[in-house]
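Each chain carries a letter (A, B, C and D) given by its place in the written order, and its residues are counted from 1.
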Amino acid sequence: MISKPRFSTESGRLEAFSDGVIAVIITIMVLELRPPDGTGLGSLHALIPTLSAYVLSFVFIGIYWNNHHHMLRASDGIDGRVMWANLHLLFWLSLVPFTTAWLGRNAFAPVPTALYGFVLLMDAIAFTILQAALVQVNGPGGAFAKAVDVDVKGKVSIAIYIGAIAISFLSTIAADALFVAVAILWIVPDRRFEPVIAERSDGEKSADAEGGRTAR
Amino acid sequence: MISKPRFSTESGRLEAFSDGVIAVIITIMVLELRPPDGTGLGSLHALIPTLSAYVLSFVFIGIYWNNHHHMLRASDGIDGRVMWANLHLLFWLSLVPFTTAWLGRNAFAPVPTALYGFVLLMDAIAFTILQAALVQVNGPGGAFAKAVDVDVKGKVSIAIYIGAIAISFLSTIAADALFVAVAILWIVPDRRFEPVIAERSDGEKSADAEGGRTAR
Amino acid sequence: MISKPRFSTESGRLEAFSDGVIAVIITIMVLELRPPDGTGLGSLHALIPTLSAYVLSFVFIGIYWNNHHHMLRASDGIDGRVMWANLHLLFWLSLVPFTTAWLGRNAFAPVPTALYGFVLLMDAIAFTILQAALVQVNGPGGAFAKAVDVDVKGKVSIAIYIGAIAISFLSTIAADALFVAVAILWIVPDRRFEPVIAERSDGEKSADAEGGRTAR
Amino acid sequence: MISKPRFSTESGRLEAFSDGVIAVIITIMVLELRPPDGTGLGSLHALIPTLSAYVLSFVFIGIYWNNHHHMLRASDGIDGRVMWANLHLLFWLSLVPFTTAWLGRNAFAPVPTALYGFVLLMDAIAFTILQAALVQVNGPGGAFAKAVDVDVKGKVSIAIYIGAIAISFLSTIAADALFVAVAILWIVPDRRFEPVIAERSDGEKSADAEGGRTAR
C-alpha cells in the first residue's frame, strides 16, 4: 500500500463521538416539549406546533445520522481536515434544537421559519464540506469520489432550502411544505456508498484471508 | 454465503447510537425531579408522584434497552428499513420523559394517565414493527423468524395498554396497576433470542476455526 | 469449556450503555450551576455550596464509573440478573443529581444532607448487589468470587454512610466530613480485580496463541 | 515485553467514557441559547453574545476532544493515575458550559471574562497533568515522552490564558481576542503524536504478522 502521511485509518472514535453528540442533540429537543398546565385533552392542543417541529427535526437529525454513518463507512480513513469538517457539521446540527424551539413557539412567524431553514441549509453545506474533505482523503479519482461525484440530491436539497427561506416571508406553510419535501427526498438511505462499502468489505475479507488479521 | 444486496452485517453503530439515545432518555427524565423549596421531610412528600412515575418509566426504558439489545444480537444484519424502524422506536421512546413529567404532576388525572399509556402503546407497536423489519432482513423462514413467531408477551402487552388507556377514564389507579403488570411481565429478559444468539456464536466460532478470523 | 446456559460473555454493550448513562449523569449535574445574576466576584460566593456539592458528587460518580469498569473487566460474562442489578445501580446513581441539587441549595439543612447520604448508601448497596450477581455468574468458587470475598471497603463505606445519615441531624458538617472520608477511601482504584483481570488476559492470550483468534 | 504491574493496555473504555462526557458537555451548552420572546430579526440581536460565547467554547471543547483523542492513541496504556487525571480534566471541561453561560449573558463584564479564562487555564493545566501521567505510564525515556518533551504550544497557551485573565479587568475585548488566538493556535491537530501512533501501528502490524492476532 502506498504510504499516505498524516492519514489515519481509525475513524472509529470519530464515529463514536459523532454518535454521542447526535444522540444528545436528538434527545434534548424533547426537553422543549413541556407538560401543559391543564390536564384536559384541550391543553395538549397548544403543543401541536411544538410537537410537529420536534417530529420534523427528529427526522432531519435521523437522516443526518444515517447518511453520516454510510458516508464514513465508505471512507478509507480520516485526517485532521475531516475531523474539523465533522466538528463543523456537528456545530450546525447542534443549533437545530434552538431553531426547533423557536419555530415550535412561533409556527406561523416568517423569521423563525426562515431561521429554521437557514440552519438546515448550513447543515447541508457542512455535510457537503465533510464529503469534499473525505474525497481528498480517499483520493480524487477513487471509488469514494465517484460515488459522490454527481450528488443530485445534495444540490437539490440546498436549492430547496434557499427557496424555502425566501418563501418563508410570503407563506410559512409553503416553506414548511418544502422542508417536508426535503425530508421525504432523504428518507431513503443514501445508496451511493453501498458499492464502495461492499468493495471495502471484500477487500477486508481478502486481506483477512491473506494475512490472517481482521481490519476491525 | 449467498449474496444479499443492500444488506449490511454491521449493526454495531446502530446499537451504539441507540444506546446513546436511550441513555440520554433514561437520564434526562430525572431533570423533572426538581429539588423542593422546603428542607423538611414533608417537602419530599409532594415529590412522591413524580418519583413514582420516574421509577415506572425507568423500568420501562430499561426493559426496552434490554430487549433491543437481545433482539439485535440475534439478528444477522440490518438494512435501511431496519434503520428507520429503529429511529421510529427511538422517537416514541423519546416522548416518555414528556408523558412521565405530565403524569408525575397530575398523577390522578385521566388524560395524562391515558397519554402515558398511549406512548407506551406506540413504543410497543414500534418495537413490533422493528421486529418485523428484522424478520425480513434475516429471512422469513430462518431462526430469527421462528424465535419471534408467536410473540405472546408482545401481543398481551399491546392488549393491556389498550385496556389501560380505556380504563384511565374510570380509574387512574387501575390503569397504573395495568402499567405495573406489563412491567412485571417483561422484567424477565426475553429468552426467545437466546437459542438464536447461541447458534450465531457457534457459527462465528466455526468460521474462526476455519478462516482464522474474528467476527468482531 | 463447560456449557453455561443462559449466560453471555458479551458484556460490551452493557458497559457501553452504563458508560452513556454515567456520562450523562455526571454532566447534567452541572446544569444546576446556574450563572449568577450579578457580575461581580461576590456574586460567585453564593455558588460555593452548589459547587462544593457538585465536586463531591462528581468524585463519587467518577469512583463508581472507575470501580464499575474494573469489576466488569474482571468478570467472565453477564446474565439477565446482572443486567437488572446493573440497571438498579444506574437508577440510584441517576438520583445523585437530584440530591446534589437539593444539598447545594440547602448545605446546612439536616434532611437534604441525610437524603444525600441515603442515596449514596443505596448506590453502595446496589453496587454490592451487582457484585453478588457477578459472583453467581462467575461461579462462587472462582477467581472473581475470591477477589470480592472480604470487601472491607464496601462494608466500611456502608457503615459510614449509615453513620453520616444519623449524624446529619446533629451536625451537617460532620456528615459532610464523613462523605469526604468515604470518597478518599475509594479514590485509590479497586486493586482487588487486578489479579483476576491479569489472569483473564493471560487466558485470552493463550487462547489466541492456540486458536489464532482474538477475544475482542 | 517487560512486565509492568498495575498497568492496563485497555484504554478503550476510558476513551468511550470521555467521549460520552465531552459529547454531553459540547451539546448541553446549546441549552443556554433560549428562543427569544419576539419573532423579528431584531429579537435575535440579543443572542449574539450568547451565540459567540457558544461558538468559542464549542471550538475549545472540539480542540480538547481532538487532542485527547490523539494523545490517548499515542499511549501504550493507562493506569489508575491516568484515570484520575482524566476525570480531573473532564471535571474542568464540565465547568465550561457554566462559564460560557455567564460570559454570554455579560459579554463585557470583567469577572465573567476572567472566570471564563480561569476555567480554560485549568483545562490546560489538567491536560498537562494527564500528559505527565501518560508519560509515566509509557516510560520517561520512550517515544511518547519524546513527543511531548518540549510542548511549546501547551506552555504558550497557559501563558496567554494567564495574560487574558489579568487583561480582563482592563479590556474584555482584548481578553476575548487572546482566547481566540489560543483557539487558532490549536485548530491545527496536534502533530506531535503522529510518529508515535504510526510506530505503534507498525508494531501492531508486525505483532499481527508474527502472532496472527489483532491488537484491536
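Definition applied: a residue touches a chain if its C-beta (ideal position, glycine included) is under 8 Å from a C-beta of that chain, and two chains touch if they have at least 3 such contacts.
Keep in mind that this is a model prediction, so the values were computed, not measured.
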* Asked: From chain A, which chain is the farthest off, judged by mean CA positions?
  -> C
* Same-residue or different-residue interface between chain C and chain D, half as cut-off -> different
* Taking each chain's centre as the mean position of its Cα atoms, how many Å separate chain C from chain D? -> 25
* To do: List the centre-to-centre spacing of chain A and chain C in whole Å, with centres computed as mean CA coordinates.
  => 36
* Structure fact -> Residue numbers in chain A touching two or more further chains are 16, 20, 23-24, 28, 31, 212-214
* Using the touch rule from the top, collect the residues of chain B that touch chain A in their complex. => 6, 8, 10, 13-14, 16-17, 20-21, 23-25, 28, 31, 80, 83-84, 87, 90-91, 94-95, 97-98, 101-102, 105-106, 109-112, 115, 211-214
* Asked: Tell me, which parts of chain B touch chain C in their complex?
  -> 15-16, 19-20, 22-24, 26-28, 30-31, 33-36, 39-41, 43-44, 55, 58, 62, 65-66, 69, 73, 187-189, 191, 194, 197, 208-209, 212-214
